[in-house]
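Consider the two complexes below, in which chain A is the common component and chain B and chain C are the respective partners.
So, the complex of A and B:
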């Protein structure tokens, strides 16, 4: 990285305005101008692809999401690699709060389309993180990558009760953009799609308006649309050993997937929640189904939010925590000790033709091995979790998320080497 | 109003936790507990229906929107009036940052559904405003209100190039919920829909992630998804005379619509923007179409953002500001001096099956008389505005927005009196 991390779009604009007169922009690049940073809405330095891991995984979960899956429309391996290089460059710029391209949204050449679409002018970096992943279909042979497909990078199977929409599932590539300002996340996806014009096309995309997980012990646990805290037992950024054990792909994990070492797998599931039905259940039933209190998120076996649930503690009719409750079904102790890093978002996409809100959880979870960590878990949840009655999975995808980059590299370079 | 305006959900929860033990909630109401306020994300006192006008019109535009249109499913006038009374009560509570119902989301009776869905527990009021409107169909005779329909409360006509989806248009009732936290806006709509179960059903709903207008001189002008500042010439809260002239319905405006005095009309239009096409236009063409610079939003005739455009100022080939530019076409001077109060939001609803973002502007505008202020304006824009080539109107609705209430009244009471 270079020394320009602190330059925000606001400063770029202020610096660029002198170049404008009478509606004509002179060819002054809206690039690194130096000087102090405009205070950011989000704490901490900007995210970067440089380092052992991509940003947006253990980065403290931002409030807003725009996620897009892409189909590759070229047959050229070189064009694909070039796109990843251009995405890396534009992504780094946007994560620093700069425009997507070097010549910015409002400066010359005046007779060409701008290198940035402009709707983030004046906005701070807002903690933007960009995370790029590869679907199993990318390694299907079109680009000579089939022999490098790790065994765990498979199309997710049809789970019991899945009601998947193909138009909301799968994809050759994905980009997860998270920020504390939705306009910044939308701007990032839109500009990467613009840069990819002719090489990729958007297959589906999803906005999320509120995070439902904490990925740092410094964050409060937020609430999902059932009104409950979610992801209390999430793997957190501070748990270095647990991350190594459960989240990051290790060097010996797969002989064909050595390029993924330091990366992770991302499961994306669009889960509609039947909130009108849920809202008519009693508080007792809601808490029984979840296995935690609604107010504090404490397990029904007692204590506070972060007290470990006691699944054996007896009540009047069996254990205080129902054996089919969500907290027990999803807990590591009933899943061979497996843990995943959840990073999902609440969504509302208008309403259905039955007059119900088209709303739910866009489930995003990172893990070291989806075959052992997700497939058995979701199979069990779909069959036995009391909560499943109120859920409908409508989208599904799996992506391999390459590691971070060395200085001057691009995301996924190890796959193309 | 009473003295409990300063009580936030966070305090209610903190106060209510003592009542919870071992997963069982005792019947302590999560109501007014007194004490200091948790600092709000938004400045100013909470919004209220009490006063000459409803909130959410001249209220400084909040960052996020959830808007819903409802069909009334009952035939009972009494049930309809009762719903408006319950909405008023719940709306007042939520705007103060309290739960939607008196017994809250986490306290007894334990064997009944909670009076609030819970996802806003712990969140501050976030500047929530709720605004309720009546569509022309509400006054169609089902409820004995037909004789009180003002002449201006008509179904909007089909404008040139409209491509309207009936499932995103019209409605008997509407609720506009604006807040600086989207979870607070979603919570408000969802709880009003829950309260209306059996009386109304959601016809359509729309999330907006970023405001595109300022309604106060203290606010910066934000940017739309074309990257331009929008609504610079908006009617602002501080312009008392202009509000009276252009926004609030006057006592003599309509003999059948005296109940609407102090209210307004709300035009809602879902306008898809062809952003991929726009992004391939040169900066010169983009600025010519809009008639303003992209960087600052200054008219192409010179000056700064708030300089009045000079439509006569000559350039090399005709006026510097194109006669068909958006700024000229929409300007009061070319529309018989009419002004409206715009309060729209950017939206992205995923992507289309053509791989384009389903994105645009959810246009919301308040005005005193849609027949003279909006119908001619939109007819002209659809035919002549250079910008129209990049827009597609996909949803359309008109609502009469009753005035604010007296203490103890309910929204729309004057219509039922």
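So, the complex of A and C:
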């Protein structure tokens, strides 16, 4: 493109944008809130990094997700720490419903690109939560963090029948952005990625729609793409003791990982579902495989959705709930009492070259210790869960999610201090 | 291979004496009937069995059974003699609701709720009044089902015997280092496994030892069976592969042969029910959809189309055995499945090469898509088969 063409295109664009921004920018300034009467998709105060834990874990699960994993491209520890500070600032702003940068999408020098990309103008905060995590590879030798790596922060092993795509797995850093409006979640990831250019590069990202878990007793249990309720027995925000026991890393858990106290481990698995094959299973088989009714989500041993399953209750040919059913295999009572906080989302990434839905569950789960809470569980599910016949794990990652911040701090400060 | 065996869906062992009518037991379904007179709600309490009606017009009846008691319950529709089961739903947990859909011609019947699953249950008379809906007669179908079961049993036994015979030759060649013969015998032997794959893999101890692929393993698990040998015979896609020693070969070969003998002995004792045969046909097409049409099953040898054809063969045998029964109950479904089998076979025939098949890597993306579409087209009506044969 030569100079004159460039100028004319810019003029054209500027004219168009000016007209568009004219209405939208009224009263916007650096904030994108349209006004107090803007209908909010999410009740409650905005999320914040400030506090004992990061948001997006016990926050009531929003409806939409954009999750991104990053690789660090710089060799400078200072640059990395500076990025985390900038991400913290931008994240706080966006969670409040403001623009990513202090100037905003439609202000600032006319000859400079705006410091916010603009697609969230006029949208409410939509319950946005941003959660930042560190992959095992971040704590290799590059940034002098190796000696601070907790023993549990290692790459997840190969589980039976894994079919992992390296381009959808692992990463030095992750950002989970959840909101009730997909554009708000995408806006968050897009702007954080933009802030990160030169320091980090996006390794992979995943969109999710339709939460597949409840993280609060106030929420209805949603359905996964198999059509069943999912996450009935999840650890919920209201269970303070259970969170302390199963989700938050404790002060004495790992001497090298003291910086992670109050944080949590995040397991991310992209689990493709064999949708078309599943749809051809009889209702009898579907309910046998899951161990719950499709209608109510009640365990096959009877009662309602929140009735505890009775795995011993006999039927005609053995227990009413099949011993290899998903509900039994994943239940805390068959996993040494371990519980995890699931926060997954349905995904559909279009269709495959065979015309099948490229769809499934983007499994996100928070836990205190993946070595005892996830590794044995997934090994067992892969081998023994009836449901595994209809699943294929195509992506995998583990991250350590540091605690929340003090006023004026930044996410991960305890690690970089 | 299958990764998990459904205990509840396994073929029945040594159940030859089972009354053939048991397979006519009603199926649970979520299909709502438009004809309200043919929908009867049943309240199965601790000591009461309350029906919303005591009669219904002949045809396809739906009993919606809600367990309002505290014990596991069952509901039966029995013939007037109070003995013969026309249809049943079992294993209804407290608080749960399940449908019994059953075809009933006009006549007198007995209903029974059985809280606690014991005793003769809480019984009442039920009348089916004449209507213009025709209902097939179960008495005539019992013979058809018994014959289908015997034929399928004979088929499985025969395929298993051929599998054992060829496996014996295959492992002999492999142990002797005659790789050309072993490579020639590999797909020819495996077709006998693939034809009865849903039966063979129902043995949860043998299947992972005989048919596991490398990715199916967990860390530290020893890899044995067909695909371990396959990789050793076709190491081209495994850069830096170290061939197995003669001793390692012998161990693998002997284990496979021993397991095949065990399998052969076990299938001798198997009998089948109509719904298991129907489910088996559907299951074999699922094997095609998940492993063969994607070229994942025979990753090293690329002989997936041999397995593909063998799965289809097995599914076809199951369907053909049930055909007379299907034609009585839903002739349109029988014709559709037949047509779809023919269309799929045409595509497979186009890939024949000598007495075998082209390798998977010779297929164009368009050909793979066409095969996959034909598998979908067949699998969908095939998934209706079980509900029809047990109705």
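Rule of thumb we're sticking to: the second predicted complex is superposed on the first by the 379 of 417 C-alpha atoms of A that agree within 3 Å, B and C clash if a C-alpha of one lies under 4 Å from a C-alpha of the other, contacts with A are read in each partner's own complex, and residues count from 1 in each chain.
In this section, contacts are C-beta pairs under 8 Å (C-beta built on N, C-alpha and C of every residue); 3 or more make two chains touch, one makes a residue touch a chain.
Quick caveat, the model's predicted, so the values are computed rather than measured.
By the touch criterion defined above, A:85 lies against neither chain B nor chain C after alignment on the C-alpha atoms of chain A.
Residue contacts after overlaying the shared chain place A:293 against chain B and chain C alike. In the superposition on chain A, A:224 contacts chain B only, with no contact to chain C. Of the two partner chains placed around the shared chain by superposition, neither chain B nor chain C is touched by A:338. Of the two partner chains placed by the overlay, chain B and chain C both lie in contact with A:280.
By the touch criterion stated above, A:160 is placed in contact with chain C alone, chain B being left untouched. Of the two partner chains placed by superposition, only chain B is touched by A:66; chain C is not. After overlaying the two complexes on the shared chain, residue contacts for A:142 are found with neither chain B nor chain C. Taking chain B and chain C in turn and counting the residues of chain A each one touches, the greater count comes from B. Of the two partner chains placed by the overlay, only chain B lies in contact with A:357; chain C stays clear of it.
Chain A uses residues 276, 280-284, 293-295, 298, 300, 302, 320, 353, 355-356 to touch chain B in one structure and chain C in the other. Contact residues on chain A toward chain C in their complex (touch as defined above): 157-163, 274, 276-277, 280-285, 288-289, 293-295, 298-304, 307, 313-318, 320, 322-324, 353-356, 379, 382-386, 388-389. Per the touch definition, chain C reaches chain A in the complex via residues 2-9, 27-30, 67, 72, 74, 90-91, 93-97, 117, 215-219, 221, 282, 286, 289-290, 293-294, 365, 368-369, 372-373, 376, 379-380, 382-383, 386-387.
The part of chain B that touches chain A in the complex is made up of residues 13, 16-17, 20, 22-23, 25, 64, 66, 68, 71, 105-108, 110-114, 116-122, 167-168, 181-183, 186, 189-190, 193-194, 197, 201-207, 209-210, 220, 223-228, 275-276, 279-284, 286-287, 293-296, 298, 300, 302, 320, 346, 348-351, 353, 355-357, 359.
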